[in-house]
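I'd like to ask you about the structure that follows.
Letters A, B, C, D and E name the chains as they come in the text, with residue numbers starting at 1 for each one.
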Amino acid sequence: MKKLFGLILFMGLGVLIILALNNTISFPKFGSVDLSDRVADAYLDNDNVSEVGSANIVTAIVVGYRGFDTLGEVTVLFISALGVAFLFSFKKEKRLDLKFKPNFMLKHGSKLLFGIMLVVSLYIITHGHLTPGGGFPGGAIIASGVLLLYLADDKFRSNIKGFKVLEGVAGSLFVIIGLLGLILATSFLENFIASGTVGQLLSAGIIPIIYVLIGLKVGSEIASVVDNFLTEEESA
Amino acid sequence: MIVNILVGIGIALFGFALQTSIGGINRKIVGRLQKRHGPRWYQEFIDIFKLLSKRGISHGWIYDFGVIMALGGIIATAMFMPLTVDIVAFKQFDNFFIFVYLLAVGMLGMAMSASGSGNPWASIGVMRALTTMLAYEVPFLIVALTIINVSDSSSLTAIQAFQQTAGNNWFIIALPLGGLVGVLSLMGMLGKKPFETYIAPAEIASGPMVEYGGKQLGMLFILHEISVFIEVSLFVHLFLGGASNIFIFLIKYFTVYTVVNLISNVNGRFKIDQVVKFFYKWPLLLAIIQAFIAIYLGWVI
Amino acid sequence: MIQYAAILLFVLGLYGIFISTNTIKMLVSLNILEIGLNIFIISIGFNYQGIAPILSSVSDTGLIYVDPLPQALVLTAIVIGVGTTALGLAFAKSIYQKYQSFDLNDMEESL
Amino acid sequence: MANIEYLLLFLVGSAVISYFLTRLNSFIGSIFTIFATMFVFVSLAAYGFNMNLDTTVSLLPWFSFSQTYLGFFFVIIIAFIYLMVSFFHPYFLDKYPYKNSYNLLFLLSLAGIIGAFYTDHFLQLFFFFEMIIWTTMFLIPQGKSREAAVSYFGFSLTGSVALLIGIFVIYQNVGRFDIQAGLAGISGTTSVFVFVLFMIAALAKLGTFPLHIWLPLAHGNAPHPFSPVLSGALVKLGAFIGILALIKINPIGPVIGAIDLALGQYIIAFIGSLSIVFGTLMAIKEDDAKKLLAYSSMSHGGYILVAFSALNGFAFAGGLYHILAHALASAGAFMAIAAVARATGTTKMKELGGMIHKMPITYLAYLIAIISMAGIPPMGGFISKWLIFQAVIDRGMILIAVAVFFGSVGSFLYVFRPLAALFLGQEFREYKHVKEAPLLMLIPTFIIMGLNIYTGVIPKQIIDFINNIIGENTAFAPVVATTFTVTATYGTLNAGLIALIFGVGVAIAFIIFILMKKSRKVELMDTYTAANFVHDEHLLHYSVDFYAPLERMYEKQSHWMKKFYDALAHKVKEVGKLAKYLFMSNNIGVTLIWILVIIVLLIGVVAL
Amino acid sequence: MSAVLLIAIPLLAAFISILFKKYSIYLLFAVTIFNIANVFLATEGIIIIGGFSPPLGISLLVDTYSKIALLLVNALVLVIAALNVKAYPKYGTILLLVVAGLNGLVLTNDLFNFFVFLEISGIAAYLITASNKKPITTFRYLVIGAIGSSLFLLGLIILYSMFGTLNMVDMIKEIALNNNYQELVLPFTLMFIGLGVEAKLLPFNSWVKGILGHSNTFSGPMIASVYASAMGFVLGRFITNLFNFEGMLLTVVLVILVAGIVLSDIMAFASKKSREILLFSSVAQASMIALLFVNGIIIWAVYLIIANALSKTVMFMIINKAQKDVGSDEVKSLQGLFANNLVIGIIFTIATLSVMGLPLLVGFTIKLNFLTELADAGQIWTIAFILIASVVEGIYFVKLLLKLWYPEGNLIKVNYHLSFKLVFAIIALALLTFGVYQAPLDKLDNTVDTVMEVVNNG
């Protein structure tokens, strides 16, 4: 009874929001968005594009125009990983003994597959400013590779210390680049390297560098989160 | 100033003598009522002087000081009392409230010495006296309020003069309900039969006078006589239009005292809370109605 | 049309949290909510004639692009969703360690 | 040339010094407090009488002071009571848990009082008002009960909150916080609204009928030397606010034809009379002497309210005179009880008796205090009551008159009760060792005795000062008074003459007494007990349920008000629990529902 | 020394601190001290990030208003971390992120960036409350916090779709041009609820009872004063500049806030646990602050935030320390706490009296002034309700105080570290002196300019 009542109530809320959105004139109908009166128009303007130098405008926004957001967002991931580690900080950990025991083929096949996944993720990270994708998807692929290894081999423990160091270094480098921007150029996270020609690999100034750092950082953080979830207190 | 004081003392003495003799006469009347002769008319003088000559006991300095203060207070009240419109000790200072509150000083003195005597029954007697006072005082004051409001002055001589002027008649007629309440509260003040639990002779064991004897009791008798004189003459001035000369005053005084005495002889005796319940039921209601009629509607007969 | 579906998904997420007492179910409905929200964000920038905002070269002007900003925002929103869910699961796991059950109702001490 | 601001700073400074001195040794600390209060009182009296206290402000720029006769009248009374009570500190302070903070808070509250009556800015009035409240609130629990302090604070806070809302309503209408201009500036319905709010504040501080629960609790349980201050001085703050409301604002509501008095005034007079009757009845029933005196100051608060709401010159003068007379009388009575409590350790009438033999001077002080309290001639109480009676009769308010007369006669009953129970009657064995109060404590008792008599016999100087106040604040005609007489609508009262004649009467009675034979001294136990010999003096002491027949009549109804406020507090707790269930429940669904409700409400409303 | 360092340096320190776990707490002290110094040196006005002119990139806004907020937040974090350094050493990194998050919240001039920082500080708050060892309450806080921020994001996106820009200053100009308030109700409601959850306004704060009810000397003050004041400042900025409610929305918001004050005071009156009393009083203060902002009384709301933050830190720390030693925070079991530690007693009393708003203390001056401003705005009914709530507040605080001062039965042994006493004494003295000596309060009055001025003069 409560479920039905709740469902009706919340669906009513949804309908109400939809109705409210409908009769607000300045809210553009779905699909008929003209970019002219939006700030996005400036992003697509030719000389701006060439000034930032990144073909993929979304990456230009994510790391270029709104780089500060991304810094904040990376911190979010950093603090979640830190939090998860903080909650499960045991003296001695050991792998969670799952009921599923992997066989020989799976254990070694997965190592091969991990190599391929690593290459794909590196490609995606480095070509962030040209093709769709970038630091975050690349990082996610690294982490899923690590997850694959965990699942495939129930004794496998990734090098947590290494990931921590990588995470710290990548993060600090990201901020240091920002500070360099402040020192060399006028403002924090400003592009102080020539942005080159749009479409080339070595274009868009500091954006690819930052994206690589982000990729590494995201990969290591999610990997350490995976490790935390798959380990438990060593009942000595 | 000295002359006024002497006149005042004279009035007080006259009051004492008047009341004691009328008291004696009334004893004879009541005796006659009960088919006996009753004692000599000066019997009360004899009692008082006999007591004064006796050697009583004293329970400490407060026991004596209380009696002295009580008698002093009553004498002071009596000195203020006007006998007729022109025989009064202090011309325009005979304010109505002085009588009500100086009486209270007398009552306080007696209460102090009674409690000071150490006998619990004396304290119980004092409690009864005070409770009865609470009972009869309020309706009486309400009627007095009406009288003062109507006669536009609170000094007794002015109230007498108001009643004696041509147009208006005595307040007992002008304010009938007020008069009735006045009589009832007078009986309460005098401690006459229905409300006399606190000084009733039968209840001597628990009356305030239980520990007294000798000169203290004598002085308290004097006190009783003078306070009766004050209360009755107060009633006379307020309700019976006072007196233009001394004889009218004596006649009125005698009639009032004997009438009240006769009424009291046929009544039983209330318990203390019955007294309070009675006074706060009918007399207060009548007094309020009388005041309402007199002040708001202006119907003064 | 997708916009309405996104809002309904958002509201469904809210409904999910409202009725469930199991911590994991709550986190799942929280994710549904966030997915609905992300779809809504994307739908803001959509244009029927628009193409993806990747420029093949500097010269091609006159093409209509889809609004790139919501896509950038959704990127961040998704990652934030991941962060919160990860932490939520961590807390759910510590609750499980302490009370041996995921259901909020039968935690014995009333809070 | 005393400056008010320096006085305040001096007081705050001496408060802090007294804190440290009392830490060293409570005797020195208290002596210092005495000198501090004495200095303040003397400088106030010397310069204040003819209004040439310097009100320039240098150190505290945002305060502004102005002198008024009305303000000075209150300040001088309260400062005097503070001085008298400070003599008691050396003997009482050691027994209190936080004794060093006692002097500090005592002097701070005095500073608050001086500030409150000298300021002409509403917010500063509120500032000093609140300061007095919280400093005294911390003094009360040093006595016996915490609950008293909580109820005291609760009611005073309600009062001061009502005052603040009133101040803001005035500010909204008049635009300025100046007291005189503000009160004059409002009219019509706002003046009625402000009148009601100010009256709530006055009733709360005076402890009159509807808001009186804290009075017996606070006075009964406050530390012994603090009760006189509480009842003599702090209650008068309410009277000051009452004057502001009744005299200054004086809303023009519908007028009751017969007694041509505005309805607002009549309601306040009715409340005053209710509190007289209620106070008297509760006092007659009370067993603890201090609680009894607390109920008496409640009924005297009622008198003050009736006086100020009768709106005629004599009533206003009577009210002010009554404030003075009651302050002295209740301070004297409370100090006597404090002296007895110090010697015997209890104020319950059951456990006391026969103190007169060991503490005659305290007895005398108490006697004179209760004579004035009961309004019996030679003392000040009689003149103020007489003036109030004149006004009540002149206006012809019958119901109020019933209550006023009942109060005056009833006060005679309940003031006599502690006299009989504490001082007179049998002398208890356990109090044999009791000695009279030390000399330092007797000085204030003598002074107050003298003042009680002085206010009763020579009204001239007081009436003249009151005429200044009347002239300053109201349009009534000043009261005509020569050295001994006071004239009102219905005749003149020669207070001096009454005292003289009373003296003559006593002299005559004394002569009669001396002439007769000396009576034999008999000790108290040897009394006429109709042959059943009682050897234990406790049994011979009649003090419990003194007015039994009277008390039986209203036994049941006497707890109504207390039950009402307990129920109120309970209701609020219920609402609290409901709110906690509604808003703070453990499952998140409730919060979601609230979010949903608010969104639907807002969008739905806007869309429609 | 641009203001962006206030965010960048703590982040850098946080990333570095996970490498050397041990020194994280000292790194925190260094960073907070640097921040406080930097606040004084930072240049006012709009600071661009990433080199792009405002509507494109993200920009920060620094004015006196945000400077006060930064100062308060950083100083409080420094004090609380210093006092808890022995009890909770491991929280260095998290505190660094808290500092970064809150500074970001206060400084940012971009709506989406605000959402990101809201999320950072939210997650950091979940971790701080994890120290209460009560995972259920933290879980509940996480879920409600996540819902709140998603609502905020939804409102934000609707605003973007309507006006096309995310920069707050531009957004205000666009809204001014559009001036059709009818449309703005939906986004503003969603954003108000989102902020309301975090700022503990009444209908949305069911998580507060769990979190602060079981708080300890570290998480209690952090949530009750640091987060409360940061959210107070942020809520103020949104209400005064972006929302400026009108019409039906204004009345409903006013009703919510006033009901919030009155009901939370009544709830405090009905609760027996000392921490519950304190948390309901801080909920009441939060609604009061929001009410002041809605009525446009900015300067006194700022002072109220500061005073409330200071006194709540002191009160929560004292009560939590006592609770830890005594084991239960029932008022009965804490009876007579101050009997043998007098200094702490006096400090606690001064703090409580300041919260209640009694004379000689800063609370009183603030209360009187904002009531005068309310009277100017003609809100007599709001004043009446606030004052009635303050009566109820006065009674339950006095009951608490008197119970704590006067022992019944056995004396409880609670000792406070000297550093506790020293820091609290300074705070109490500040409350006392500013109560009596009001000149500096008025001086600051005219220097606080809102985003509006910045918007007008570019």
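The working rule: contacts are C-beta pairs under 8 Å (C-beta built on N, C-alpha and C of every residue); 3 or more make two chains touch, one makes a residue touch a chain.
If you're wondering where the values come from, they're calculated on a predicted model, not measured in any experiment.
In the absence of chain C, the touching network of the other chains holds together as one piece.
Under the contact definition, chain A and chain C share the contacting chains D, E.
Comparing the CA-atom centres of all chains against that of chain A, the greatest distance is found for B. Each chain gets a centre from the mean of its Cα atoms; the one farthest from the centre of chain C is B. The greater number of contacting C-beta pairs, out of the two interfaces C-D and B-D, is seen for B-D. Per-chain Cα centroids separate chain B from chain E by 78 Å.
In terms of their C-alpha centroids, the spacing between chain B and chain C amounts to 98 Å. Chain C and chain E have Cα centroids separated by 28 Å. The mean-CA centres of chain D and chain E are about 44 angstrom from one another, to the nearest whole unit. In chain E, the residues that touch at least two other chains are 112, 116, 119, 123, 126-127, 130, 143, 147, 161, 166, 182, 185-186, 210.
Taken residue by residue, chain D touches two or more other chains at 586, 588-589, 592-593, 596, 599, 603, 606, whereas all remaining positions touch fewer. Pairwise chain contacts in this structure: A-C, A-D, A-E, B-D, C-D, C-E, D-E. Residues 2, 4-5, 8, 11-12, 14-16, 18-19, 47-52, 55-58, 90, 93-94, 97, 100-101, 104, 110, 112-113, 116-117, 119-120, 123-124, 126-127, 130, 158, 161-167, 170, 178, 180, 182-183, 185-186 of chain E are the ones that touch chain A when the two sit in their complex.
Listed in rising order, the residues of chain B touching chain D in the complex are 5, 8-9, 12, 52-60, 62, 64, 67-77, 79-80, 90, 92-93, 95, 97-98, 101-102, 104-105, 107-108, 111-112, 115-121, 123-124, 126-128, 130-131, 133-134, 137-138, 141-142, 145, 148-149, 152-155, 158, 205, 210-211, 214-216, 218-219, 222, 271-273, 276-277, 284, 288, 291-292, 295-296.
Residues of chain A touching chain C in their complex: 2-3, 6-7, 10-11, 13-14, 17-18, 21, 28, 30-35, 38-40, 43-44, 46, 49-50, 55-58, 60-62, 66, 69-70, 72-73, 76-77, 79-81, 83-84, 87-88, 130-132, 136, 197-199, 218, 222, 225, 228-229. Across the complex, chain D meets chain C through its residues 586-589, 592-593, 596. Interface residues of chain E, counted against chain D in their complex, comprise 140, 143-144, 147, 151, 182, 185-186, 189-190, 193, 202-210, 248-249, 252, 256, 263-264, 266-271, 339, 353, 358-360, 364, 368, 371-372, 374-375, 378, 380, 383-384, 387-388, 390-392, 394-395, 398-399, 402-403, 405-406, 438-439.
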